[in-house]
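Labels A, B and C are assigned to the chains in the order they are written; within every chain, residues are numbered from 1.
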């Protein structure tokens, strides 16, 4: 799997897929920049009027409900259905699912109306979507919801099988499952949780990797999370990093510089 | 007061309050990151449909009209009223009040319909709200409006008493008043005025500090402005700072690293 | 021309023009910061209700359709017409024109209804607007569309004459024409194409420079692109630059520090 992930990183740089995002306005700049840094091309377009045109150009779609409003719900739906028809992978990031009925209902509706290929969230969001009790406190994962890796593995596997998609739970240990095979990633650094947008950026990376290799969605998802985790480790070790601001800068540097060899050698990847 | 401010900074890190923002899309990422850097958790949610749900989870509300539009006016109103009912402090940042009738009228309406706990703006915005002549030039303070510290002290005190809230005027010298007690802060650096978002970030910090200690609003407001001012001084002294970009990075670093002891020892705080 | 550009850079710092932006939410923070860095003052305001008030205060208008939606189309139109009446230069950045019918039609409509003073885009966008075949792939220029400098010069000149405005095509070599005189700029660095927002920031710089000197639109446009190109070169040479994140930081540093003398001495400017 490590070798495959390294190969998939090279593919994204060769193919430079266009990744259509309908996402929140908090972290949209980070998402565009991380998409470029990994070697893909971002387009952020949320108007219903252009959903079909942009979908026709794009290799992947990222739907992120971080600042959901009623205007973009139909845009997300139309873009999702169009991506499904075109065979472009759809990544769904249910930011804050459980924090409001609006988000919970939109998440439910999208999962029903769109064939989501990869569902990526934190443990609180994924617990909520799985129908389990969840102490969602806003958009960050609740510590009460982080129980054990075994618990996350069980949820990811069961939900992936139930929804027929890949489920990626990110946290101190990331868990990725397609219902059959489940992998754990132990890369990363606690600093990734102290700046905004690292979750959203993971979803963008999943879109980029899977957009380049739409037949390798499990590998692409794992490769994306490895990229973020390893980049976080590299960023933290940078000489100039002195706090949240310089860590963020170093993270973008690391993603733009990471190569297949580093990805393969630094990956802390385990079958669950 | 310095000791209290130091204690309040520790409280925000212990309690990690959720700070609901309905804010502009220009500086929203900076606001989310500075909220995390000081130790709180941000949630940016502007849909009317979820205003009540998000308010129910949150410890403070920040309303910022930097890119106001008609869709979010009812959201701000609903969130404000809900925060009032829940006893969560409401920070109002009247960005550009005076620059357009829309902003001026929205500011007036919010101050009438919502019990604003802390009003934070630059001298031009506060003069406008106080009903004084103001030469607002966009969203930055007009130099013509910066007369003397005595003038700012008078306005802050009078307006605070009139509105029954805390008024915080930020500038080269910050002035904070609850109508009874008025404090001046002489921390900061001119570079803070050369990057976008430092005013908005001050409002986010006020939300974080006051959300953690809702019974200490004057102290929380002063602590927030001290944090930004001292962080600006620290950032400017950083070896790698060579211009606006690296100053911004260093500012986020400094806020994420500042501790209670530094806050207390570096504070340049005077009773007016 | 180099001397004039240097003088125009000094003018923007003396006059500090207010630059009204109706722009996308992806790069809006970068645009605000680069406007401040070059010495002007940004105001981002997209509500129709305040379009006229903000126009009345502003020295230039930047319209950017990077995340166009139906709400802001009338705002852009109203602000454009008001800026025309006031004699404030209007910069139009047709981001992604050709990528969707919505963007293409909006671009066409704005060019018909508003007297655009400076049209700035990449080669794919400008080819599309000129009615030539264009392989627009999202918001980045298509390599197929980058043929030769002679080709870009021909298109810029012809389109400028036809539309009666300045046309600025940015890329490895920038081409700026008012229909009569055409200039090429060979400053810049490939890294500028690897982070998001450098095109948008160019448009903001054009707004700032032309807002300060509305009688010198060709010079102002050239000065703006020289500023970005030279800043990109300076940023790349910075010791701490290790990837996309630190390059972006260094770019903002360089724009905030660039002086008239550097602009004049580093300019690689040729008459076409």
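Here, a residue touches a chain if its C-beta (ideal position, glycine included) is under 8 Å from a C-beta of that chain, and two chains touch if they have at least 3 such contacts.
No experiment lies behind these values; they were computed from the predicted model shown.
**Student:** Report same or different for the chain B and chain C interface, where same means the shared residue numbers exceed half of all residue numbers found there.
**Tutor:** Chain B and chain C contact each other through largely non-matching residue numbers.
**Student:** As a multiple of 5 degrees, what angle does the CA superposition of chain A onto its copy chain B give?
**Tutor:** To map chain A onto chain B, rotate by about 120 degrees.
**Student:** Could you tell me the distance, in whole angstrom, between the mean C-alpha positions of chain B and chain C?
**Tutor:** The answer is 32 Å.
**Student:** For chain C, which residues are shared contacts with two or more other chains?
**Tutor:** Answer for chain C, listing residues that touch two or more other chains: 25, 29, 71, 240, 248-249.
**Student:** What does chain A use to touch chain B in their complex?
**Tutor:** For chain A paired with chain B, touching residues are 24-27, 29-30, 66-71, 96, 99-103, 137-140, 194-197, 240, 242-246, 248-249.
**Student:** Inside the complex, what are the residues of chain C that reach chain B?
**Tutor:** 18, 25, 28-29, 32-33, 36-37, 41-47, 49-50, 53-54, 57-58, 71, 238, 240, 248-257
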